[in-house]
Each structure stands twice: as C-alpha cells, then as structure tokens.
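Alright, structures below, take your time with them.
The two complexes that follow have subunit A in common; it is paired with subunit B in the first and with subunit C in the second.
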Partner chain A sequence: MDAENTPQVEKECNARIAEGSNTLIIDAGDLSYVSSMGLRCFVAIAKTLKGKGGELRICRLQGLVNQVFEITGLKRSLRVYETLESAASARKE
Partner chain B sequence: MACGPRSLTLEAQTGSLHEVMEFVRQGALEASLPSVRLDELDLVIEEIYVNVCRHAYPPNGPRMASITYWVPSPGELQVEVADQGVEFNPLDFDSPDTGLDLEDRPIGGLGIFLVKQLTGSLSYRREDGWNRLTFGMSAES
Partner chain C sequence: MRIDELVRIVFALFPVLLFLTGLRVLDSYKLVPMRMVLAALTAGALAAGLCYEINTFFFQHFPQYSEQYPRFGAPAVEETVKSVYWIFLIATSEVAFMVDSAICGFAIGAGFALLENIVYLHALESASATVWIIRGFGTAVMHGGAAAIGAFVSVYLAESRQWRGVRQFGPGLLTAMLVHASFNQGLLSPVSSAVVVMTVLPVIFVVVFYISEQSLGRWMSGKLDQDIDLLAMIASGEFKTTPQGAYLMSLNDAFPPEVRGDMLTLLHLTTELSARAKGDLMLREAGMEVPADPELENSFKELKYLQKSIGPTGMLAVRPLLKQTPRDSWEIHHLSR
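Moving on, here comes the complex of A and B:
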C-alpha cells in the first residue's frame, strides 16, 4: 500500500461502509509493504467505523508491515490480531 | 565495492515513484544491503519523494527533483533527495505521540517519523535555493 494504490483500498473500504458494514476485517497476510499513506488510510477507516459504533480489525501483519505498525504504535491504537479466526471471533470493544 | 555518486533528475510527480524506487534500489544492490533493508529503503524513499511531489512546488510550473546515491564503503548507502521548492526542513517537526489511542490520534503525520526511525543518519541543508535531504542506510543497523 503506497501513495499510488492506497486510494483504491480506501475506496473499497468506504464502499463497504456505505453498504452498511460497520465492522471490517482486513487480512494483511499478503500485504508486504505499507507507507504512511497506507497507515493514514487504516487510521481514517478505523475512525470512521468507530464513529458508526463498529470497528476495524486487522490481522496477519507480516515483515515490514508488522515492523511499521510496531514503530508507529498502531499495533496498540488499532485492533490487530494474529489470525483471521481470532479477528473474526473477537468481541467488540 | 564503493561507488561514486549516480543521479536521477526528473519531474517531481507521484507517478514516477516506482522509477525512483528502482533507481535507489540499484544503489542498495551496489552497497550489498540485505533484502530486509530494501523494503525499508522503498518506504524511506517514498516518504521523502512523495512529500516533495505533493508539497514542494506550486501546482503549475517546473518541479524538478534530483535523487543521488553513492556508496562510501561496502554495506553503506547514502541517498540525497533534492528539490528547488519552498524551503522546508522536515526535521524541524516534533515526532508524533505514538502512544495515543485511536480517538486522539491524528489521521496522518507518520511519514517523516518513519524516515527518522528507519535511517541510520539523516540531515537537511538549504543550499543555493535547493532543499537537500540526505540519509544513510547500512547493512548493519
């Protein structure tokens, strides 16, 4: 998720929200790269969902993506899970 | 092997981000940086270059960026990103509070912070109308 393709992800998430979803799970298992543009998108979507009484859950962070989430503290600020199953079965905070 | 400076000068547009990443990756190969550094290098160069593309110049008119790399010694890569836009020292800004909850977090503001965290050295100078941001990455750190 870089400056060029992050807008597509954000558009996709916003489309789901517009359809009425208020909790989204992002499986980041195949995501190998995220820049601050991608982080901005995650934070924005998480805030939007929280405002609707829902939440954003992100799972299976790998490599650089995991490293960037650690450095920026987003592992604590966002709801991050090890597996898709644990993200799907988590209780809403 | 050490190598002298190589430069790429182009119009600062986000559409050329991948060209810039490829160019700097060549430097990483010449410096024999390990693969884990390549991802970090992509991230650092994106943050700096996209910042120049979005904020250095007014919408119309020339918008040059010049990217230079050199390998002072094996395992060491130095990269300079230069532009002739408005004077801007990204190192002047305080680091964000990474301990905040979601509610209190600003949506953005993490780019330069990531650059600071992922580079071994980072310096800025304004010189003859150019902003020159130079960073170093090494095989070790």
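Moving on, here comes the complex of A and C:
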C-alpha cells in the first residue's frame, strides 16, 4: 500500500461503508509493503467505522508490514488478528 | 463578594484563559500536556514578579525616563524575561512544532498577565469595568500573543532556515518586543487597541496553526516512509548498499566490530523510536487514543546502554547517521515522557 494504490483501497472501503457496513475486515496476508499513506488510510477507516459504532479489523499481517504496525504502535491501537477466522469471530469492543 | 468585584475579576482574568483554552482546542495533535501549560503559566507569573522588581527599580532610579520607559524599556525587559522559558522549551526540544510553541508561549504570557492583573485588582480597586475589559481583553491577551509570536517565529526559523542559537531566537524575541512596544505606544485608544488585539491575534493563530499542521503532516509522512525504508533495508541485509551503510562500513578501521555492531543497533533502535513517535502523531491527528506502551521503557534503557557502550568518540562518529534536527530530538523527548 503506497501512494499509488492506497487511494484505491480507501475508495473500496468507503464504498462498503456507504453501503451500510460498519465493520470491515482487511485480510493483509498478501500485503508486502505499507507506506505512511497506507497507515494513515487504515487509521482513517478505523476512525470512520468507530464513528458509526463499528470497527476495522485487520488480520494476517506479515513480515515488514507486521513489523511496521508493531513499531509505529498501530498494532496496539487498531484491532489486529492472527487469522481471518479469529477476525471474523471476534466480538465487538 | 459584591457583584462589581466579581465582574472585575472575570474581566481581568478570564479572557486570557479562555483564549489559551481555545488554542489548545484548535490544536489537532494535542501534544502540549496540561502539566506543560501549567508550568508555562507559572513561569510567566514568576517572570511578572521579576519584571515588577526590575520596573520598580527603574522608575525609582531613573524617574526622568518614566514617560519613555513603559513605551520602549518595559516591553524589551518583559519580553526578554518571558522569553527565558520559551527559549528553554525550544532549545531542549520539549516543543518542536509551531503550534506547540505558540500554545506554550501564549501560556507564559497568560501567566504573566494573570499575576499582573491580580496585582492591579488590588491596586486599582476603584477602577471601572471598562478598565478591566481593556486589561483583560487587550493587555493580557497582548502579553500572551507577543510571547507566542516570539516562540513560533523561532521554531519557524529553525524549521525553514535551520538557524540555531542567536539567529534562531533573536528575530523571534525582537518581534515579541516590537508587538509589545507597538501596543504600549498608545497610538490607538485603549478600547481600539483591545479590539485590534482580539481580532488580529485569532487570525494570526489560525493561519499559523494551519501552516504548522500542514507542515507537520508532510514531515510525518515523508520521514515515516524514510524510517520504514531504512528498517526494511536493515532487515533484508541490504543496508550496506545504502549511503548510511557505506558510511558505517567506512568506520571499519577506526572501531572494533562489537562497537560497529552497537552502532548499527543504535541506528535501528532510533529509527524504530522515530517511527513509533510518528505512529503516535498519526493516531493523535485522527483523534484516536494512544495507549501506553510498557515496552518503551526497555527501549530507552537499551538506548542508554548503547550510547554508553559506543562511547563519546563513537557517538561523534555515528552522529551523521543519526537524525539531529530539533524535531528528531523532540520525538525522543515525546516518547520518554
């Protein structure tokens, strides 16, 4: 998720939110890179969903992306899960 | 307490505190903790006490200048004494952004004005409500505004021109003195002066806050990407192909392998802490909660150990690899609070 494709992800998420979803799960299993723009996108979506009484769940962070989430402290602030199943079955906080 | 007394107190003390509260509300990042605001208010009150003594001394010993002193001497003395604390905050990287420096500067001026007005509340018991409106909305807010302008001009010069020392702080202090001296010239009626202060200062602050937050956002994104790329390089073993890696390799003959290893670890750790601080900023920008991180304490212990192990000479050698701007130093301060 860099400057080029982050707007696409944001657009997709906002479209789902506009359709009425208030909880989104992002499977980041195939994500190999995340820039500051990508991180800001995650934070913005999480904030929007929280404002609607829902939440953003992110799962299967790998390698550098996992490290970046850990280092920036976003792993502690956003809801991050090991597997897609645990993200899907998690209870809302 | 009589109603007229209450009115005097409200007009004398509340406007400047309301203005200060407004500035804190306007700040999206909320990086100035309440204890820092209280410390700045206290520093301002102490500055007012000191200036009272200096001004009294001057009036007693140089009565022939009693007309000129309030217009030129007092602004120079008062802004210099007030500047001691905002210069300290900026020089020690306690504040590194224009918004924060404006809030702290204003709080120092507010503390100054509060003590001054408390003294005047006793001294001018028979003064009308108009006097207190002018003192509360005009003089008090001017005191805050002048110090705030001095502080954010200094941060701006450090950011945009990389000026340090006298070049960084001199123009800010001079600007604060000019603002204060202009107010004291009596070119406008006291009521008009108060109106000008209450209309011009908010506009200045809104513009400064906007510019500062834009600049902070750009810096945060740009530097975070650099941090992420550097961490990726270190993790993948490609670090030695980077300019920083080449520099570290060039130290091969000067330092033993274990010290060079510590240098690389230090670079990795400071980059991690830098990215961590930007993660905090990102969450604050979005108005989200930043949970406490107990692991940070260990990181700072490790940082101290590495600095000690590398030694003063090694630290000098590794300095080009480490970030040294005021904002970079601020990141470490921010996390260690």
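One rule holds in what follows: the second predicted complex is superposed on the first by the 93 of 93 C-alpha atoms of A that agree within 3 Å, B and C clash if a C-alpha of one lies under 4 Å from a C-alpha of the other, contacts with A are read in each partner's own complex, and residues count from 1 in each chain.
Criterion: a contact is a pair of C-beta atoms (placed from the backbone, for glycine too) under 8 Å apart; a residue touches a chain by one contact, two chains touch by 3 or more.
As the structure is a prediction and not an experimental result, all values here were calculated from the model.
Chemist: Considering only the touch criterion stated at the top, classify A:Arg76 as touching first (subunit B), second (subunit C), both, or neither.
Modeler: both
Chemist: After lining up the shared chain so the two structures overlap, which partner does A:Lys52 touch, if you call subunit B first and subunit C second: first, second, both or neither?
Modeler: A:Lys52: touches no partner chain.
Chemist: In the superposed arrangement, which partner chain does A:Glu4 touch: subunit B (first), subunit C (second), both, or neither?
Modeler: The first partner, subunit B, only.
Chemist: Which residues of subunit A are in contact with subunit B in one complex and with subunit C in the other?
Modeler: 33, 35-37, 39-40, 43-44, 46-47, 50, 64, 68, 71-73, 76-77
Chemist: Which residues of subunit A touch subunit C in their complex?
Modeler: Subunit A residues touching subunit C: 33-37, 39-40, 43-44, 46-47, 50, 64, 67-68, 71-74, 76-77.
Chemist: What part of subunit C is in contact with subunit A in the complex they form?
Modeler: Per the touch definition, subunit C meets subunit A at residues 220-222, 224-225, 228, 231-232, 235, 272, 275-276, 278-280, 282-283, 285-291, 293.
Chemist: Which bits of subunit A are touching subunit B when the two form their complex?
Modeler: Answer in residue numbers: 2-4, 32-33, 35-37, 39-40, 43-44, 46-47, 50, 63-64, 68, 71-73, 76-78.
Chemist: For a test of understanding, state which residues of subunit B touch subunit A in their complex under the given definition.
Modeler: Spelled out, the residues of subunit B in touch with subunit A are 14-15, 17-18, 36, 39-40, 42-43, 46-47, 50, 96, 98-103, 105, 107-108, 110-111, 113-114, 117-118.
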